[in-house]
């Protein structure tokens, strides 16, 4: 199949979005009863389930650190996540690379020093893959960690961007990714604007870099807004339910 | 029924001060003395989730939950959740069975479904469960594999049924069987034609091209029980299963669940012995459950 | 319907057993239902890894090896079956914080494999001096499409059968320790199998008792 026209002359992409439009983000936390924290996130057709267990006892006592918690990430793609069935390979190198990246990302944000000698497990399961799996996983993991009550300095929000003929495209889907577009994954901490993860495995001219990263930052800001909305709404619902069952309701800071 | 309303017994000296909140006291007892906690409920004839010992949890099925698969279903048995997705591929039939296709099932219990499971290769327990499940599917075929044949000896469909447990609150087996049956019923395969000239299989160009559904041979319903301190509990939750000294699973065909109809399987795994009347009780409860599931039209 | 070997429906195959066949193991036993032979070795009570340690009882580890083919989930299933049943029959509370490792090796498989394994385990555990609540025996049966019940089936008979059944009883025979039945079968046939199995278990237990002397 020849190269698809990723950006039409009218400025529409293959799925009808504009160049700087995010896919629809919807999320729910607390979806798994067994996990300490969990979240289900959809970014367009990419669907991720995240579960957090911990802080709990280290599985291997030899790995426990005396002054902080260790974070363990497991990333799997369901066999039915793509159009073609993909059998699960236990030691997939790509998966392991993604696991390490996500682990390093969260080690920078989670306050591990208050949980010495313990382990925080983050399990990520891709239910449907339509581009931007890593960014969706990071966003889902943030929600799951918040749901589990793990102490974090800030949200971690991630977004992908590409570039077609000088125009940066926000939040690439699978078709756009597979056309060889340069793709950058950016993860930031919204409050400070610091970058936690930036990854690109393709070629992009230096002149186009700044504009592309700027768009990625905007995308992250939008995602942060969305995720924050979800967290606050669920917290409000929870406080409401607790308030119905007890006479004293402690105030909730809305800072 | 709140055990915190009555003064909590102290089976062991409790040096920590008693929390004033009755719910917190109950949670503490459940964590520290799970067996005593459960025993108090059973002595009153109920279970911690207010069920009768012989009652099963509500089964909810959401068919076609995964849009990218040829057939799928999500089964909720209480909090236990199992997702089944079926994808079809084309393959060459086996030499000794040239007129039928294949059904390959795989039950996976990933670490996210429960705190018990750890990352890495699946635990021995998970593998044993997966094998027991596969054994049930093999010995009680749900669909007629002959319908999966595209061209005798040359091409057939192979259905890969991947089951994923998303939440393990006990009795994954029953939920998995229900998910598989519902998923198989929701399978829609495109009509395919085998081209003799180049050996390729193509989707039929027939304009009417209605997708194929699979003919269902039987509707197995799995009913599992746990024996805790000589009480027989139907459909155990994870907490109850952890304290069980024996477990029984009875597989019944929901379409043929009269007393005179055959059973599909009975498996009792280790632990305390069960007498013939006790086994008969399990079988009777299983039949009732199969009838209830069938009449609720859940697996239709 | 007569069976190919001329046996009647309710007759077991000739049983053979031996104990103490492995000189490095703490206990060992070999049990054969005619051709089906399983060797069992028991090592224990021995030191246990910290993560498997149980404070109030011994930890059991079961390893099952087939004579042909690679290890698959089928062996894991048999192992968990054997382990759960043996955990109830062995007095594990007399050896807390230890490990009892039970290894099975199939030497020849001509049907009724699981039963031979259980029976070999009983011989091996007694040989090792591990305390048991009681001796135990296992029996296999199968029901043919025409309704005949065969006791102690061979591999061919199991293949033709509509349903296969394995039972484990102890010497008191008040209840079945283990039941594994698959394939469609009528409940009344199942009840008959249960009764035949209980009677046959007594036969095997008597044989084991005689073999001990």
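Lettered A, B and C in written order, each chain numbered from 1.
Note that contacts are C-beta pairs under 8 Å (C-beta built on N, C-alpha and C of every residue); 3 or more make two chains touch, one makes a residue touch a chain.
By chain, UniProt protein names: A = Ribosomal RNA-processing protein 41; B = Ribosomal RNA-processing protein 43.
Just so we're clear, the structure is a prediction, and the values are computed from it rather than from any experiment.
When every pair of chains is scored by its C-beta contact pairs, the maximum goes to B-C. Of all chains shown, the one whose average CA position lies nearest the global CA mean is B.
With respect to chain A, maximal separation of chain centres occurs for C (centres as means of Cα atoms). Centre-to-centre spacing of chain A and chain B amounts to 31 Å, using the average Cα coordinate of each chain. Rounded to a whole number, the gap between the C-alpha centres of chain A and chain C is 51 angstrom. Rounded to a whole number, the gap between the C-alpha centres of chain B and chain C is 27 angstrom. Multi-chain contact residues of chain C (touching two or more other chains) are absent.
Contact residues on chain B toward chain C in their complex (touch as defined above): 124-125, 127-128, 130-132, 134-136, 139-140, 245-246, 248, 253, 259-276, 278-280, 283.
Interface of chain C with chain B (complex): residues 73-74, 76-77, 79-81, 83-88, 169-170, 174-187, 190-191, 194.
For chain B in complex with chain A, the residues that touch the partner chain are 66-69, 72, 79, 85, 87, 89, 108, 110-115, 118-119, 121, 160, 162, 164, 166-169, 238.
Those residues of chain A that touch chain B in the shared complex are 32-35, 38, 49, 51, 53, 56, 59, 72, 74, 76, 78-83, 85, 88, 90, 121, 123, 125, 127-128.
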